[in-house]
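Below: one structure in structure tokens.
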Amino acid sequence: MHKMRFERRPTLPIMIQLINSIIFVLLALAFCGMFMSVLGFNPLSVYKAMMLDIISSKGIKNSIIAGLPLVFCGLGVAFGYRMNMNNIGGDGQYALGAVFCIWFALYGPVMPPALKITVMFLLALAGGAAAALIAAIPKALWNVSETISSMMLNYIILYVLNYLMYGPWKEKGQMIAQTTQIKKKYWLPEIGDTGISTVLIIAVVIAVFLYWFHKKTTKGYEMEVVRRSPRAAIYAGINVKLNIILVLAISGAICGLAGFAQITSILHRAQADMPAGAGYTGIVIAYLAGLNPIAVVIVGLLFGALQFSAVSVQVLGVPSQIATMIQGSIMLFVIIGSFFNRYRLIRIDGSAERGE
Amino acid sequence: MEPVIEMKNISKTFGSVAANRNVNLSLYPGEIHALLGENGAGKSTLMNILTGIYKADSGEIFFKGKKTDIHSPKDAVKLDIGMVHQHFRLISTLTVAENISLYSDKRDFFVKTRQIEREISECSKRFKMDVDPSAKIWQLSVGEQQRVEILKLLYRGAQVLILDEPSAVLTPLEADGMFRTLRSMAEDGKAVIVISHKMHEVMKNADRITVLKDGIVEDTMPATEATIERLTKGVVGNRAFEHKYEEKRKISDEKAICIKHVSAINDKGLTAVKDISFDIRTGEIFGIAGVAGNGQRELAEVIAGIRKAAEGEILLKGNNITKASIRERINEGVSFISEDRLGMGLVPDLDMTGNVILKEYRTEKYSKYGVLQSKSIIDSTEHFIKEYDIRHGGLGLPVGLMSGGNQQKLLVAREIDGDPVLIIAAYPVRGLDIGATEEIRNTLTEASLNGTAVLFISEELEDLFKMCDRIGVLCSGEMIGIRNVQETNFDEVGRMMAGEREVHKGA
Amino acid sequence: MKKKVLSLLLTAVMAAALLAGCGSSETESADSSGNSSASSSEASGKTNWVSQDKMGAAPAKDADFSKFKIGEIESYVIDDGGWCQATHEGLVGAMKELGISEDNLITLEEIDDTDQAATQAAAEQLIDAGCNVIIGCSTGYSTFLPEIAAKNPDAYFAQWGAKQDNIIGYMIRSYEGMFLAGYACGLMSDTSLFGFSASCNEFSVRTAINAYALGCKHAKSDAKVKVACADSWYDIDKETQCAQSLIDAGVKYMGGEYSSPAIPETCEKNGAYVVGYHMDRSAEAPDAVLVSFCWNFEPIFKSILIGVENGSISKNDMYYWGGDCSALTDFASFVPSDVVDKVKAAKADIASGKLVVYAGELKDNKGNVLVPKGEVMDDATIQLQDFFVDNVDCAW
Amino acid sequence: MSADLITSVLSVAIIYAVTVLYATIGEIFVQRAGLMNLGLEGLMLMGAVTGYLVAVNQQNLPLAIVAVILVGIGMGLVFAFTTITLKADQTVTGMAILTFGTGLSGFIGKSVCGVSANLMFEPIPIPGLYRIPILGPSLFNQSILAYVMYFIIPLSMIYIYKTRAGMILRSLGENPAALDSAGYNVFALRYVYVVFGSVMGVMSGACITLSYTNFWSDGMTSGKGWIAVALVVFSRWNPLIAVLGALLFGAISVIGIDIQMYIHVIPSQVFSALPYVATFIALIFTTGNFRKKRSSEPGSLCIPYDREER
């Protein structure tokens, strides 16, 4: 008789991973469809509306605008996960990056745009990194769970932002809790007249760089070793503590860029509760993208599309929460699906090409 | 008399590796039955099947004559079958009593600690094993923990006891005590299976011996009919068993490394290496004999820099590296073939190239300005593959999926590459098939001929005598003595391993 | 010890930011107002304040609303028992009055008013759906809508809050209602200590606080209003705690800006009294809610729709109406009738102009004179309320 | 601090504590069993909305509780299946539960959003005890759900530290392999505790809508689920400390507001942030192993158990 058993896949062909994800995303949509039809909506027409909305020219633009902050958070979080650092602090790092960035933009000295924007970029990085370090250092020194600490920091930093936006930095003579807009000359230009900011290019460049970084650099290699086998890392003379601090800092820095994107390209100002959960969504994105930076960009933009197309289905009367729900179920299903990335079904009397 | 356990045509494969092939085994009450074989011969797998931790792919198990299916450890426990694993299955945060009652068939709602502790101390008296029932596990020594494991089984009323390499962590004296306990159990009518790869021990203590090799039963015999030769043939096949090589090797007087009064503490915070001093000259192979767990690991790690030396100093080619970091030592030419192949020496999830560069990825050999040089990496990987004929399923395959032998070859190849000053080889041939074993022996010998100092740690006296120029014997963290191989013999070293300092030659 | 250090650190961060805020602000932000949305409204035609007399004006006999398609953008769900619900009901009411069927209303909920992409996408959605009147019901949209409005000249955009380019502005003189509510509390209380449980330091909240405080003062010259700040628009725990803290501080009568029943319930539990906000809250705590302040947008929306229909409307219009728009519910049964009468009288006085809420001499709580004696505050300042009046005691 | 001030601070702190403790104690059991479910926020929202939905539509509180428990079991099974059977990453699965719960709750809660049920577990003063000065009025004038919690706390302590089952639970998170070889069904046990944990999680939510603020609106838990997660670590997986922690946080934020009303030099946000700062610091002191002592964290927390792993 042929008994079947699940066994770890030796290697993971990208195709299988892709097909898996697609299948399970479809399952997730079907699953949400169930709820919709229970509430008396026709899932197909809902999804159709969403699709049509996304592929329209302004749909693409809006998806990208909505997606950009998510992409940066996704990239940041994914970078952390590349060394098993559960950075939940994306929101806080995003916020602090924005705070540093807007501070310089509004209250810093007058400068030639190129220089000013560069400094803003660096400050956004610094802000994110700073936020991450507060969680990273206890982790490195005393192994304090970065998961919880970074999450606590989210709240703390968001209160700082809240204070600034409602208090000293609030635009005078305005009703909204936000800073004044930064000067036009400090805005990042659009790509052609598409209405899509060049910050998208920055995101792509960073993603490609990270991809190369993981594959080709010694630091990337170190991360991989620490991720796969901390003991082997010590044995190879890799300074694990230092790497923890470094990786979390970089992870935070990239999340900080989400603030930079908002300030130089989207809102051109800072607002209270600006992150609006992008950091958490970043985790979802990073995971769905299999921690592959380039995939993160794609998934991130898709999530942007999902979030904004949820608006369009409201015209059909579907509750707005549908977007969040679809996100959640897509995630659940892809997680379940990823099992089939790691394992394959084999017959027990498989031929022996592997020694012991 | 009918056997209490009969295993018939048991087969088990992991992935595509056959760990057991049509194994037959019968066990009678009142006997101590030894399972002899090298590591990886399939002994543990067989027993894990009997205790329901693994499911056999095919074959049948008979308990007291009637066919039974053991799907889970639960079933095994129901049949009063108990096993002491090599890695103890104790919960370190609980007390001895709690651990034992956890394993017992007690199902009362509250834990009656007092009562259990009383019963335990009675039981431990009966079989002459002393443990403090109220002590927390993580406070106990390895020997004590093993006793707890055995007590667990007895308290549970186990009729079949299986012990996996019980003596591996014990000194010969402790081991004798342990076997006396086992004997008293056998006399109690219990059936005992002892997994081992030590022939003398087996011949001395067992009633019957079954020899496993590569997952197949090679031979079964009463201990009375067992001879070293017969067992050796079963265990290692027709491997030539020559004594120390003949031609006299010239060893320079230059000291490659000096260990001076080094002490170190282990993970439990106890002193594991006590004031050890010795030196290895270039081109010399220095053996460390001793029962595993007597400080070898700590000693190796201290020299490699993974563990800080509590006292003493280490000189490499005359300069002090006691405070040097691991990386500095690597650059200075200290290589370390870790006993924990997949846990430390290699990264199982990475492919060959990733493991080849594990230690030298930062050197300009493999990277420029922090960028890895794929070409040179692939080159040296292929060089290794040719040089040490490493068989692999493609460069992209995780090394975790290669056979143990090839993994070890890769590890050794990487460590020997670039003629290091010193190679620390901890149990380099443990659990390898003969082919791989020979190749690695030769590789190390060649290295020494090229002027590398080799620190060769092993518990197999054969290996030590075959390869080393000098042998130092460790017992409970102390260096009992150092001997030239020509001037000593198995027996002397064996006793030194048991801690006897003054041994008369040939006594 | 360490805790102290960290909280100090936090304060330090904020202090530093504060300095940065005031200190070097002239360097950049001075000229940055050039593109801030406020002053840009002057650029286009002069803001036209629509007179409150228009309230209740009926549509022409032959008025035809059949072609009307109305879009509504809400920052939260329309049945939140708070702000959004009030706006929505106002709009629906106006449509019913004018006989516009609800099928011609498209409501987009939970459009985060700090999210440009979402807001503009929403507006574009409504345009595509053929809406000719689009109403942005949350302050934040004013940042993003002008752009879309400029792109779609034939659609009429109306936006809560300050006047924006190409957008009809509308606001409610909420201070009238809150003033009266405060007045009622003042009349009923036998102490001169009052409380206010505030969510976020935003103009509408400040308006409520100030108006309430002035109301109390109108009844008791020495009235003081303690403010507890939740620093969150929505947090049940914090709202409960704020109310509790006020009560512990000896407050028996409090106002509040809130959307959950937490505060009324807490008051009821402790035998204190509270002014309902956003909508009629008496159901949540019948024994605690004296009266509720309700937004009544119906007249404004009605007037806007009529204006659109007969073309009388201008995109420079700014609605800033009080009276029935800034409504109070009926008082709870336990409120003595003489109090009710006094409040009614005050209401009439406000309508007739005999009683002016922000009349001089008026100081802020830092001692600066806001309005000199004999003068009254101008609407722009009232709308913004970037101050707290002198009998407000608040951390902000 | 005057007597009745203590009373009132306590009463608010208790409301805060009770609502968060259901989730916290549940999560303590889950983590003791060696898993970490970060999706508590999502669970609470689901519990809150389910309870309220039934309360509004059926006007039947027991039924509401039953429904809530069923939902808890369902979501628990999802998490258990994904993390125990499929051995998926627990952090990410938690996030998924969180996202999904948030979305679904808002989705199905639409119909009762802002609708008043006028039906909740009213506070029941306990005759004798209610008279106790200071403590009485705050402790013994609570709803049934709070009293249930009063029982759960000691019971969970006894269960974890005194009973045989508790001993097994402690081992489950410490060394599942050992349990397995002792003949216990590790997988089944973990399933049980995960499900129990998520039932407690949803109960937390139900507690809010059915016994304190009798109404539903989107994301009404505003981050409480995360506090619960933090409390678990804060408490070193000990229910009693968790109780103290919860009360402490409740008290801190009330007192924060008290101070904030009098001292205006410090921004109010500082006090709002205090509980989180406190948690952060407590975290470093309780879990940080810089004192070189055994950390009380379950040995194999977050590590999926795989019997044939070799």
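Letters A, B, C and D mark the chains as written, and numbering starts fresh at 1 in each.
Here, a contact is a pair of C-beta atoms (placed from the backbone, for glycine too) under 8 Å apart; a residue touches a chain by one contact, two chains touch by 3 or more.
All figures in this text were calculated on a predicted structure; none of them were measured in a lab.
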Topological distance between chain C and chain D, in contact steps: 1
A-C or A-B, whichever has more C-beta pairs in contact: A-C
Centroid comparison with chain D (C-alpha atoms), farthest chain: B
Centre-of-Cα separation between chain C and chain A, whole angstrom: 36
Geometric centre distance via CA averages, chain D-chain B, whole Å: 46
Rounded Å distance, chain B centre to chain C centre (Cα mean): 77
Multi-partner residues of chain A (each touching 2 or more other chains): 156, 159-160, 162-163, 167, 319-321
Two or more partner chains touched - positions in chain C: 10, 14, 77, 110, 231, 396
Contacts with 2+ other chains: residues of chain B: 14
All chain pairs that touch each other: A-B, A-C, A-D, B-D, C-D
Touching residues on chain D, where the partner in the complex is chain C: 5, 8-9, 11-12, 15-16, 106, 110, 113-116, 118, 208, 212-215, 217-220, 222, 224, 250, 253-254, 257-258, 260-261, 263-264, 266-270, 272-274, 277-278, 280-281, 284-285
Complex contacts: residues of chain A adjacent to chain D: 35, 39, 86, 88, 138, 141-145, 147-149, 151-153, 155-156, 159-160, 162-163, 167, 280-281, 283-284, 287, 319-329, 331-332, 335-336, 338-339, 342
Footprint of chain B on chain A - complex, ascending: 3, 7-8, 10-11, 216-219, 221-222, 224-225, 228-229, 231-232, 234-237, 348-356
Residue numbers on chain D that touch chain A, as the complex places them: 38, 42, 78, 81-82, 86-89, 91-93, 95-108, 110, 218, 223, 226, 229-230, 233, 267, 269-270, 272-273, 276-277, 279-280, 283-284, 287-290, 295
Residues of chain C touching chain D in the complex: 2-3, 6-7, 10-11, 14, 76-77, 79-81, 85, 110, 226-232, 234-238, 240-242, 244-249, 259-262, 265, 270, 283-284, 393-396
